[in-house]
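Below you'll find a set of structures to go through.
Shared between the two complexes below is subunit A, which has subunit B as its partner in the first and subunit C in the second.
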Partner chain A sequence: MIEFFTTYAERIILVVLILLILVSLVVFSGAVMSRWLLNRNIKRRERIRIYFGDLVIRYISGDLSFEKLKRQLHTVTDYIILLEVVNRLDLVLEGEEERRLKRLLNLKRIREYFTKQFENGKPLDAARACLYFSRQRKVKESLLPRIAEKTVDTVPAMAYSAGMAIMVHGNAAQKKVVIHNLMKNRGISNQAMSDLIKAFQSHTTDDRVAEGELLMDLIAARSYSPERTALMIRALGELGFYESAGFLLNEFEELDADDHDWLITEALIDVLTAFGMHEIQSKVRECFVASSYNIVRRASARALGVFPEKMNVHHLEWLLADSDFYVRFDAAKSLIDGHGIDPDELNVVALSEREWKELKGEIMESIKETA
Partner chain B sequence: MTAPQKSVNLLLQKKHVGNYLFEENSVTSPRSGALPNMEKQKILVVEDEEMTARLIIYRLKALGYDVSHARDGVEGMGQIKKIRPDLVVLDIMLPGLSGFEILEELKADPEFDSSGIKVLMLTNKKSSGDVSRGFNLGAMEYVSKPFKMEEFLLRMDRVLKT
Partner chain C sequence: MSDIGVNILLGANIFFFLYFLYVNGAYIVLMLFSFIQTKKAKKESEIFQLSGLYDTGLYKSISILAPAYNEEASIIESTRALLNLEFSDYEVIVINDGSKDSTLEKLIGHFGLKKIDRYVPHNLEAKDVRAVYGSRRYPSLFVVDKVNGGKADALNAGINVSRKDLICAVDSDTLLEPTVLKQMLMAFVSNPDTVAVGGVVRVANGCTFENGGVKSVRVPDSVIGRIQAVEYLRAFLFGRTGWDYFDSLLIISGAFGVFDRKAVVKVGGYLHDTVGEDMELVVRLHRHYREKGEPYRVRFLPKPVCWTEVPENWTTLGKQRNRWHRGLADTLWRHRKMMFNKKYGRLGFLAMPFFLFVELLSPVIELVGYVVVTVSLILGVINIQFAALFIAAAVLLGMILSVLSVMLEELTFRRYDRLKDVMILILYAFLENLGYRQIHAWWRLRGLFDYLRGNKEWGEMVRTGAFSK
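For the complex of A and B:
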């Protein structure tokens, strides 16, 4: 054996070298080929994207009919690219153009594609499908209970998207369950919850009373975190649901002066002030101008500026000496803007001349902006 | 003897590629030019979002304007100085230089006749602070995204007629 290798060593080396060269050539040409194919696909895709971008622009501008555009769609790639184009434009358009875009989203194959995505068991695909449903004008009613179930999902994107779809298409009972699920879902951030509540409000039309009552029920249940409860209180305010004023006033009256949650107290003071509930003044003056939370003292300062009672002026003057800059700011603003007091007449002995000058400048700027 | 003319419709050069019938230049050649015998007003669209820019350009060309496009703030600034457009449709959130920075730079440039250029801001932000900042820097009108195309064109027309 050794003899064989010794005799043919040169030939063996040559053969191995040739083999290595061949393999390298194959690998190299394979790499070049795959890069070329990739580039070709990218270019082709880009070309199709430009093509469909062009068609969609002409369609939404009224220069191309829906049928003609539809006839240009052949492959799955076409539909995917069309979706990309529509999604981009949908972010910037309203009115007639948006309505036309929505019609494209409603194409049968796109609907089927997302229905399959919803059912394939992958949370992120289902989340994308739910966001698609939330942009539709109508969704199959039979799908709604299954979408609602997804709001307890531990994947936040899934729970959020499902919630959004229900806010847009669900009935009052479904919304109630879904809001409850989402409020309890720790994966949903307060910002996301706030967006959902906004969607809830913007899709509240005919059954406004039912929606408002639903929020009141959820607040009364007292089973959510203070952040979530404050969010719902503010939602009632933003909804302009004045029917809830009595209920909110009751919640306010029940607040413990020494042991209150600052988020809930601030929300209640703000919303009740916006509803013009002057009944809150005495408790605000007696308890909350001296709250240990600066946020609550700020809300008190804002509220006392809205109601014209003379007694409020004394408390606001007292708040001018608060340790927190923003409480002093709100108190001074309420005195100037709310009670019509001349800034130069304000008793600001607790403030240095420089601080008062700075504060006054900011207040006047803020009043100008509000006006 | 003159060379025979090619019978090519330059506006719609059709080309079949696979399933697709490409109408080359179609987005740059919409319905009609509304201002055929007048000197076209020059509009520069400074917008980084491709589809938004293409839609605006398409609609403006359809109305007969001479439209140019810049994809970022630096290119936009260069184009403004080069072509001196009658109107700039300026997105506020841009890569490179923001819309505000462009307005500031134009205002600070003594060689640039800022009174001769009209600016319509296009932005996602709806805050009054941004609007007043833009107005203070010389912008004449403001359209918030999402917008209705009709409203956009109306405001733009108003600015051009001012």
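For the complex of A and C:
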């Protein structure tokens, strides 16, 4: 082998070198050429985008008919750019303009494209198709069970998009199953879950009872994470489902004073306070004003400001000496706003003059902001 | 000279030649797969952007951890940039790691911070937290004041304070683009088993910035900055993307990485006694999940970008590279059990040996190679034509690989909008092989020796003020 290398080494290296010189020439000219080609392509797409942007705006404002706009669509690029334009406008339009825009989403070629994407087995493509279905005015009934099946997919984007399509087009039974599937999916963020619940609220044809009862069932099942449970409790509050107050009060009473989850406790105190459930006061005073979580103490301070009982004043004054600035802030604000106590008459002996001045400054700023 | 001596020298030359083929062959393979992976990632990203998935609330919540030690000059600016990110559910946790200057006072004064009693579980070992501060005006900002314990300790303290699903560790000399979090978190949305994601770190020197975002992307003005711009492109666009294809990514830059908080807590957080805590954590995550047989994914995305200030003087750059090499040596030594161990699959048979033979030992082999070739030339064992041709081939191949990474950037994300900048990068891709490469090998060789001597110093970083331009 050594002999082979000593004999042919120079020749081998020379061949390699020539090859590399050729490759580097190709790479160098390729770099220049690719920039030129890409620039040309980008400019072309930009031209088409401006053209279709203008056409779509004329169409949704009623200056151009649907048929005339349709006649301008020829190539795949045209459709892709049209979709981009529609997606962007869909975020800002409402009412009749939105309805006109949605008609564009129903163009046969676009519909066929997304149906194919849904069938192709790739989760991201199917997710994109489901999101498209959720934005359509109507979806074939026969498609809904298959979309609902996708909500058990482990890919969060897939499960979420399918869930959204069901929230918009599905029936009550489908929605119930889907919400349960999504709650269990650890990849679905709380924000996404909250958006799905909101979509449920805005697209439900039944009264809010169906949703409220479903949320109560899910909370009672106790099989979800504290984040999810807190989210559902807050959803009941946002729904204004007063019928759930008794149930939530029961959940609140069952909270362990020494070992409570701060997210669930905070949500229960906030929602029950908003529902005006004065029954919570004694437990808040006895257990939660001394919680080890500042978030729970803050919720307690806010709640005690809402209910006018005299005894709450003492506890709020006690919270004025809390180690957390914002617990002191909420307590002072509750005393001033909720119990009508003059700031100068507040018992703030636990605070130094500087601390009290700081606190008062923040409260005044907050009151000004609210006003 | 005796026949034995000649044969030894010839054998050594053949070894260096074969090593050269192995290294460059590996780079070419990485390049090819990184091209495929970049195209795939770009398509995925486009699907997200165009379908509307990008605008959903699918993203998990995230805590950005920004350790700060004596950063009074830049802390307000960098914290404000973090607060300007376009993301709905995030918190910024600045960890003042016992600064001796007025870092903490500046933060308190500027953001109107007040002491809060946030519950801090001691999930990870970290020095004592003196206080946690919050602000009503900036509800997503928290400042942790703690006893000095180093970067890893500060990050562990930040993780203890954090309450979100994910954590993102950023360096104080790093600027995140406003939309970067959404782009990074796509990986978690596409695959729930994802435990860590890295993004591209690019050179900020030469660029201009406005309102926490990059206004114009330009190559740096200095020679040393331009060479680093090429290095960063090569390292991120074809090194890490290529390893992502093989599901064997071993490094996520400490300047910019997102991790699943529970996963990091599960493996024990950042290690204190290493200077390569970023790589070490990623390797430990791999090791943990492979040993447990649990599904997981560590990903690299070529689209999300953060900008970092790079050293503009040779001494600081030398110290930085020395430290990086010590970190690499330390991680490979700690996890040597993974090497050629079938339990770790591709990591044990591809990635770890590559990092050992190509990344860690290359300065030794390269510099010894220069000596052996010189001696062989003097003794006439190889002739000058052969040596000249070989060096020319090596330089050209190095240049082609660098130029290809510049081209990869051109074909995909195109952050340099002027042809002039691309041409400058191509020129420096050629020039870096003549002198800089050898100096770089020397720094890394010293890093290896320093590691063997037990040196665990970080060294000072001199700021160039790239973000204030």
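Throughout what follows, the second predicted complex is superposed on the first by the 324 of 371 C-alpha atoms of A that agree within 3 Å, B and C clash if a C-alpha of one lies under 4 Å from a C-alpha of the other, contacts with A are read in each partner's own complex, and residues count from 1 in each chain.
Quick note on the criterion: contacts are C-beta pairs under 8 Å (C-beta built on N, C-alpha and C of every residue); 3 or more make two chains touch, one makes a residue touch a chain.
Fair warning: this is a prediction, and the values are worked out from it, not measured in the lab.
Touch criterion not met for A:E309: it reaches neither subunit B nor subunit C.
Subunit A has more of its residues touched by C than by the other of subunit B and subunit C. With both structures placed on the common chain, the touch criterion links A:E253 to neither subunit B nor subunit C. When both complexes are overlaid on chain A, the residue A:T154 reaches subunit C alone and has no touch with subunit B. Judged by the touch definition given at the top, the superposed model places A:D63 against subunit B, while subunit C stays out of reach. Using the contact criterion defined above for the overlaid structures, shared-chain residue A:E238 touches neither subunit B nor subunit C, since it reaches no partner. In the superposed model, A:E286 makes contact with neither subunit B nor subunit C. Contacts of A:D54 after superposition on the shared chain: subunit B is touched, whereas subunit C is not. Once the two complexes are overlaid on the shared chain, A:L89 sits against subunit B while remaining clear of subunit C. Of the two partner chains placed around the shared chain by superposition, neither subunit B nor subunit C is touched by A:E119. In the superposition on chain A, the residues of subunit A contacting both subunit B and subunit C are 91. Residues of subunit C that touch subunit A in their complex: 7, 10-11, 14, 17, 44, 47-48, 50-53, 55-61, 88-89, 112, 114-119, 134, 136, 165, 188-192, 382-383, 385-386, 389-390, 392-393, 396-397, 399-400, 403-404, 406-407, 410-411, 414, 419, 422, 426. Those residues of subunit B that touch subunit A in the shared complex are 17, 19-23, 26-27, 30-31, 49-52, 54-55, 58-59, 62, 128-129, 145-151. Only residues 1-2, 5-6, 9-10, 13-14, 16-17, 20-21, 23-24, 27-28, 30-32, 34-35, 38, 80, 83-84, 87, 90-91, 123-125, 127-128, 131-132, 135, 154-157, 160-161, 185-192, 194-195, 262, 292-294, 322-327, 329, 358, 362, 366 of subunit A touch subunit C when the two sit together in their complex.
Note for the complex: subunit A touches subunit B at residues 47-48, 51, 53-54, 57-58, 60-61, 63, 72, 74-75, 85, 88-89, 91-98, 369.
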